[in-house]
Every structure is written in C-alpha cells, then in structure tokens.
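Both of the next two complexes hold chain A, though its partner changes from chain B to chain C.
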Partner chain A sequence: MGAIIVSGLVSGALYALVAAGLSLIWGSLGVFNFAHGVLLMTGAYAAWWLSSPDGLGLGLGIGIVGALAFMVVLGFVVYLLLVRPWIGKANAELAVIMTTIAGSIFLQNLILEIFGGRYKTIDQVVTGTVAIGGTTIQAQNLLVIILAPVLLIAMWLFLTRNRTGLAIRAVAQNQDAAQLFGIGVERIYIATFAVSAVLAGVAGILLGGLFNISPDMGTDPLLRAFVVVVFGGLGSLPGTILGAYAIGMIEAFSSYYIGIYWTPVVLFVVLIGVLVVRPTGLMGRPT
Partner chain B sequence: MRLQVEAISAGYGRVRVLHEISIAVDNQRVGLFGPNGHGKTTLLRTISGLIRPTAGRVIFDGKDITGRSPQSIVGEGLVHVPQGSTLLPRMTVLEALTLGAYSRRAWPRRRATMEQVFSLFPRLAERRAQRCNTLSGGERQMAAIGAGLMGCPKLLMLDEPTLGLAPKLRAELAQAIHAIAATGVGLLVIDQDIDMLLGLCDRLYLIEQGRVALDVVDRSSIQHQDVLKRYFGSAA
Partner chain C sequence: MKKDWTRIGRIASIVVVLAVAAVAPLVLTGGVAQNLAVLSILYAVVASNWDLTLGYAGIFNFAHVAFFGIGSYVAAIATLQFGVPVWLDLILAVVVVVAVGGLVSALALRLRGIYVALVTFALTQLCVALINSAKDITGGPVGLIGVPDLEIRGFELGSEPHAYFYAAEVLLILSTIAMRWLATSHFGLSLVALRDYEAYAVGRGIPARRQRVLAIMASSIPTSLAGCLYAHYLIVASPDVFSFSLTTLLLSMVLVGGAGTIYGPIVAAIVLTVGTEGLHQLGNIRYMIVAVLIVLTLRFLPGGLWSLWTLVPAIRRRRAARVPSPFAEEASS
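Right after this comes the complex of A and B.
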C-alpha cells in the first residue's frame, strides 16, 4: 500500500511539473505546445551531456544549472520559430499543433543523430533509500515528491507576487487591458515559454534520474500531461495540479490492482466520466 | 500636459471609422460625447496605441507618439481605461491595481500610489482580496479607474466610466473623477451623461461619423438644452 502511494505521488509530481508548463502556455497564448515532451527530453540530454564522464564531465551541479539555462534559450527558440509566426492569425491553434509536432520530430531525431539510440543515465541527485512508515523509498523518489510541490509553490508565488508573473496572468485574462497597463505582450510570451521550458527541463532531469534517458522519453509524459490538463480543467493551474496527482494516484492503484495494460483504459474511462459530468474538467471554467 | 490629435484617420480592416479627426487637450478636462458607434472609443484606442492610424499624427507633450506601442505610450504618462472594464476577471483587486503600475515610471511608486487610490475609493480597500469578477458594476469601474491611476498618468482617458450605473453610484463616481481632476491629472472622458460632462469639463467635443461635429470651447456658451437638441434632434 505504501509503495503504491509513493509511486502515485512520484508520478503525480512529475505530471504536475510537465502539465503546469503546458497549462501556462495554453492559458496565455491559447495554443498547445506539442514540443513540450521533447523539451523535457532535451533537458535530460543537456544535463547528461554536461555532467556525465561520457560527455563533458563537469559534474551534476553544473549539469543541472547549465541544462536549465539551456532550457530558457530553447523555450525562446521554440516560441520564435514554431509559435510566433502564427500568433494572431486565423487557426493559430491548429497551425501551432502542426508546427510544434514537426519541431518535436526534428529535435527528437537531431538528438538521436547526435547522441545515438543507446540509453543514457544521469546520476541521481540524491542516492540511497529512506525508510518512512514501514516503506522503503528511493531517496530520488522522495526528492521528486518534495521538490515538485516546492517548485509549484514557487511558481504560484511568482505568478501572484512578481511583476512579470502577474503580467503573464494579465495577458492570459485580457490582452487589451494588459497592453493598456504597459505590458509588452511579446516579452510576456517569451517569459511564459521560458518558464514552461524550465519546468519541462526539471521534470526531464528528475525523470532521467529515475529511468533511462532516450530520445522518446518525453512522449509518454506529454500524453499524460494532456490527459491531466483536460482532466483538471484547461487553463486552471490549481485544476492542473489536482488533476496531475489524481491521475498519478489512479495510475498507481490501477497498475497494482487491475494491471498495467488496463491502466490506460482505466485512465481514459475516468477522464471520459469526468468530462461527461463536467465538460470543462475538474476546475475549468466555461469558455 | 498637452495632447494634440492632428487629422487622424483610423479604423478596423477596411472599415474606416475616424476621418481626419482633430482634438486637443491642454492641461484641462475634455469630454467626448455623441451617438454610439461613431468613433469615440476608436479615437481613444488610436491615441493609446491599440490601433495604428492610417493618417495623421498624435503628439503628447511635444513628442510624436503616432504608431508607437501602447507600452511606450503608457510610459509617457498617457493612460487609457477601457470601456465596460471586465478588466482582469480572475485577479484580485490588489493584483489588478499592482499591475496598473506595471510601467517602469510608475512601478517604484506603486505603494504610495495605492494608498492614494484607496483613499479615493475606500470601497476598493475593503474589496482588495476579492476577485474582480465578483465585484459589482460600480466597484469594477472603480477598480478600472484605480488601476489607471496606478500608472501615474499625466493624462487619464476614461471610456464611459458611468455606463450602466445607478444614479447614486454615478454621482459617487463623478465625484471621484472630480477629485482626480483636482489633483492636476488631465482628463479625456467619454460619457453619455451630458450633465456629468458639463459639470466636469472645460471643453466638449461632439463626435459624429468619425468627425468633430461640434467643438464647445467655452462652457458658459452652451446650455444643456442646446446639447440635447444637437444630440437627439430635439430638446428633451
């Protein structure tokens, strides 16, 4: 039982980090970033390349900091090349689905070309195990369980206290009003992508410490994040976080009691059930 | 403070709304009135940079601000409070006011300015933790004007601040607007409430079909009845 809850919390935490970034971009730009999973994967590769003896061998600390700095740049590039040209045009949301899918295929294959198909591993940020309440937890799992809420709270503080954070929400809610406050919408879009990419990078690095790093490691988390965002309510950050932990828990319990192959079925049945009762998701608002 | 709008033409897509319109605000309070759909709001949106004019110039304090971004225009101290003001529905009053001071010029002074806004609108101080979409119509208007003031304007442009409000609230808001004018902030106000505009403004423009149809410079020369006659075709 303890192990199931731990597994649910770990998945929930990772999904929350991935989905929060996705939800942030949906909220302020009204587009879905299908390259989000590839951003996660690239973050993991960047950390591996900087830190591993097979790469530059600079150690894990520099690897993490460098990878996150790289994510800021990558978020900017993704926005500039794949999103910006279509903003404000007809059917922007459809165009951006296609451009970000195209971009993610390109990046995925670029990584495959550069680093090859063999799985990589990054060192765990913390090693060993911890015993809590009769359950033994890998320290890295415990780190994920604790770090994700800390980051999400930090993000919430950023969005409610910080000048740029407030501006991100303002642009999401009323673009005209935001502009009349003197907010440069373009700068805020770039900031949104940067924050979102950093969250993806953190998730990638944490995931890379738990499992292997491979060019397609972002696909599954992205799919789950979409389920989470729809489940929790589009554009609602609290809903997204609640949804992430709910999905993580359902997945953990279903994998144990029903079986791993039936788990996606269970997930989608729950998702459909929620959408039948609440078409806007758990905490979504009508559009 | 001096705003000169010189022969501005502007519109949406191929629809031209403003036809070489010229107005001036010179350290004073200026009112715009006239039928709906004749370009008053478009004029404010053009001045504040939301719409790019196809011809003409906007000059503020001697600087040509034609075609500049809303961001840089706010930075000059020219602040536009839009109509209806759904403002920022899912933000608290406090957050919305804080954002009103987003411009680099206003940000360092935001705490002091907020005290002033709260003393002008005590109701906002009571509602500071409340989300904007839970406010009443009058309170929303107050929040919108308050957020505008947070930008430390030299000239504040208000688009129908009393729209849809009960007479008592309207009087309360008119009083607040008078108080704002008394602090030396220039005002450019659109409103349907001619009495309020007559009581507030030094100069009135009647805007019809994207042009200035009547320019009332000397307030004493105009009587309420004249305006109504001009406005509605017959004295009410």
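Right after this comes the complex of A and C.
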C-alpha cells in the first residue's frame, strides 16, 4: 500500500511539473505546445551531455544549472520560430498545434542524429534509500515528491508576488488591458515560454535520474499530461495540479490491482467519464 | 465561352488522370517502384479523407490515423484469429471503424478546440495500449503476421502483379469522387460554415455536433478500407501504424498539399512518400526536412502547394468565389 502511494505521488509530481508548463502557456498565449515533451527530453540530454564523463564531464551541478539555462534559450527559440508568427491570426490554435508537432519531430530526430538511440543515464541528484513509515523508497523518488510541490509553490508565489509573474497573469486574463497598462506583451510571452521550458527541463532531469534517457522519453509524459489537462482543465493551475496527482494515483492503483497493461485503458475510461459529466474538466474554464 | 473552357479543362484532366491510372501499373513494374506506388496511393486516400475533417470541417481530429490502424487490425484479426472470409473482413472493418469513429467523436465533440485534439490523440495511444495488453488476439508489439491475400470471387490479388496497384487506384478514385461530392454538397458547405463562423451557422439552424460527427464517420469509411488493403498487401498489421511519425507524415501531406482542397493532399502524399523513400540514405534527417517543410508551408504558403494554382489569374478569379482553405483565408485578413 505504501509503495503504491509513493509511486502515485512520484508520477503525480512529475505530471504536475509537465502539465503546469502546458497550462501556463495555454493560459497566457491561448496555444498548446505539442513540443513540450520533446523539451523535457532535450533538457535531460543537455544535463547528461554536460555532466556525464561520456559528454563534457563537468559534474552534475553544472549539468543541471547549464541544462536549465539552455532550456530558457530553447523556450525562447521555440516561441520565436514556432509560435510567434501565428499569434493573433485567425487559426493560431490549429496552426501552432501543427508547428509544434513539426518542431518536436525536428528536435527528436536531431537528438537521435547527434546522440544516437542508445539509452543513457544521468546520475541521480541524491542516491541511496530512505525508510518512511515501513516503506523503503529511493532517495531520488523522495526528492521528486518534495521538489515538485516546492517548485510549484515557488511558481505560484512568482505568479502572485513578482511583477513579471503578475504581468503573466494580467496578460492571461486580459491582453488588451494589460497592454494599456504598459506591459510588454511580447516580453511576457517569452517569459512564459522560458518558465514553461524550465519546468519541462526539471521534469526531464528528474525523470532521467529515475529511468533511462532516450529520444522518445518525452512522449509518454506528454500524453499523460494531455490526460491531466483535460481531466483538470487547461488554464487552471490548481485544476492542473490536482488533476496531475489524481491521475498519478489512479495510475498507481490501477497498475497494481488491474495490471500495468490495462492502465492506459483505465485512464482513458476515466477521462471519457469526466468529459461526459464535465466537458471543461474538473476546474477548467470554457475556451 | 469561358464556361466551355472550364468544362473542357475538367474533362481533359479527368481523361489524363484515368489514363495515368490505367498505364502506371503497367509501366512501374519494378518491385520497389510498385510497392512505393501502392503505399503512396493508400496514404493519399488517408490524407485526402483527413482533409475533409481537418481542412473543410476544421475539427481538431487527430484520431484519423487510428481509423486507418484499426481498419488494418480488424482485417488481420478477423481473418487470422476468427477465420472470417477474406472479403467479409472489409465490411467488418468499415462497420467497426465507423462505429468507433462515431462514438468517440460524439463524445469528443462535446468539447471544443484544443480539447478535441487532446482526446483524439489519447484515443490513438489507447489503441497502442490495447494492442499491447491484448497480446493473444493482437500479437502485441510484434503485430500480426500472415494476413491472407485479398480474394474477390476466387481471384487472389497477390497472384497478379498489378492487382493491388489497381485496387488501390480504384479506392483512391472512388474516395476522391465521394469526398469532392461531399465537400461541395450542402453538407460540405455546412461544415465550412461551422468552421468559419460557428455562432452564425448554428443560428441559421445547422446542428453543429451532428454534422461534425457525420463528417468524421464519412471520412472514416475510405480510411478503414485503405487500412484493410494495407494489411492484406503488406501481409502484416503492426502497431507502427499508430505511431507519432506516421501521424506526422500524413499531417504533413494534408498541410503541405493544402488543407481544404482534397486534391492537394493527394499530390502531396505521392510526392512526400516517394520523396522520403528516395532520401532513404539520409535516415532521420529526412524527417527533419519534412518538419521544416511543414513550418515553412504554414508560414509562407498557408494554402499549401495546391494554392500555387491560384497564382494563375484566371483560376484565381474563379476560385475567389469558392471555399477558401482554413489557413489561406487568414493570410488575406
């Protein structure tokens, strides 16, 4: 039982990090970033390349900091090339789905071309095991469980206290009014993409410590994040986070009691069930 | 006088297309060339049908590739596991896919915009999960091998080298006629009206959800047949048909060819299938090229390659009165 809850919390925490980034971009730009999973993967590769002896071998600390700095730049580039030209156009929503899918194919194959398809591993940020309440868990798992809420709270404080964070929310709520108050909307969009990419990068580095790194490692978390944002409601950060933990728990319990192969089926049924009852998700707002 | 020229042009293009269709299988006799031709024709069927829901109706439908995959799996499972006669599995596949398409779209279209894309994407992933979990029936990640040859009234298509080529062509031609007819009918116009100005269209009495569900069901019929033909031709049904890369390839056909044109995706399907196969030695780089093509098309030629026709002034004048492509219209606004 303890092990199931731990596993649910770990998945929930990772899904929350991934889905929060998606939700943030949706909230302020009104577009959906299908390249988010690939951003996660790229973050993990950047950390691996900087830290691993097979790469530059600079150690894990520099690897993480460097990878996150790289994510800021990558988020900016993705925004500039794949999102910005379509913002404000009639079919921005559909066009950006297409461009970010194209972007994710590009990045994934680029990584495959540079690093090859073989699995790689990043060192865990913390090693060893910890015994809590009769259950032994890997320290890295515990780190994920603790770090994700800390980061999400930090993000919440950033969005409610910091001027840039407040500006992000202002733009999300009413772009025209925000612009009238002198907020540079363009700058805010870039900031949103950077924050979102950094969250994806953190998730990638954590995931890379738990499992292997491969060019398609971002696909599964992204698909789970789809379920999460539909379940919780896009654009609502509390809804997204609640949805992430709910999906993580459902997945953990279903893997144990029903079987790992049938879990995606269970998730889909849950998703359809939610949609039938509440088409905008648990806490979403209509688009 | 002008109208006569239009009619002559139309008849001439029909004659040319039929002539090419009749001669192509006799000319492309090499195994590789023929294989490539059959695949590109089947992809053309899938892409042009996807265009009906994605381009004309503007539904964020990402389950289309799943219809193709389910079609191929129904054919394989029915014939291999249950010994269904080889022609009956075609009908079975259409029935199953139309039912799945109708049910899922009826549920998914309770939602709007991006949510539809997410749920339909999830459906495609669900198919892969189901295939992996029901290994005994579906063969799991390996897929099902040994799908029997397609047999019509005792004639096995595999026994004659051109048979699958012609069968695929017949499917493409019939499906294209049906799609064009649908797209220009009142039904098709109501889809475009819903896409371009939903509130007004609904106000004029068009039932939004019903029309869209019907569009998805209609487009799933030729797509499921293409899936069947695919399985019978390749002798396998593999979970690769649900993969992200096939979805992207087909998506690029719709977009690069020109969404909302039907013909554009057909041309793009043939060009891109042959192109990516021709650049085989480039490996993964060809997918990067396709990705760049998608972005460049959306950026600089939102109407797709087919919209290049409109650069000819006479055609532009004629076309102005017609239905615009979902991406092309925004370029002018």
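To be clear about the criterion, the second predicted complex is superposed on the first by the 285 of 287 C-alpha atoms of A that agree within 3 Å, B and C clash if a C-alpha of one lies under 4 Å from a C-alpha of the other, contacts with A are read in each partner's own complex, and residues count from 1 in each chain.
One rule holds in what follows: a contact is a pair of C-beta atoms (placed from the backbone, for glycine too) under 8 Å apart; a residue touches a chain by one contact, two chains touch by 3 or more.
Worth saying up front: this structure is predicted, and the values here are computed from it rather than measured.
By the touch criterion defined above, A:M98 lies against chain C but remains apart from chain B after alignment on the C-alpha atoms of chain A. When the two complexes are superposed, the chain touching more residues of chain A, out of chain B and chain C, is C. By the touch criterion defined above, A:L112 lies against chain C but remains apart from chain B after alignment on the C-alpha atoms of chain A.
Once the two complexes are laid over each other on the shared chain, residue contacts for A:V227 go to chain C alone; chain B is not touched.
If you check the complex, the residues on chain A that touch chain C are 26, 32, 81-82, 85-86, 89-91, 93-95, 97-99, 101-103, 105-106, 109-110, 112-113, 219, 223, 226-227, 229-230, 234, 259, 261-265, 268, 271-272, 275-276, 279-281, 286-287. Of all residues in chain B, only 48-50, 69-71, 74-75, 79-82, 85-91, 95, 98-100, 102-103, 106-107, 147, 151 touch chain A in the complex they form.
Residues of chain A touching chain B in their complex: 160, 163, 166-167, 169-170, 173-174, 176-184.
Residues 58, 60, 107-108, 110-115, 117-119, 121-123, 125-126, 129-130, 132-133, 244-245, 248, 251-252, 255, 283-285, 287-288, 290-292, 294-295, 298-299, 326-327, 329-330, 333 of chain C are the ones that touch chain A when the two sit in their complex.
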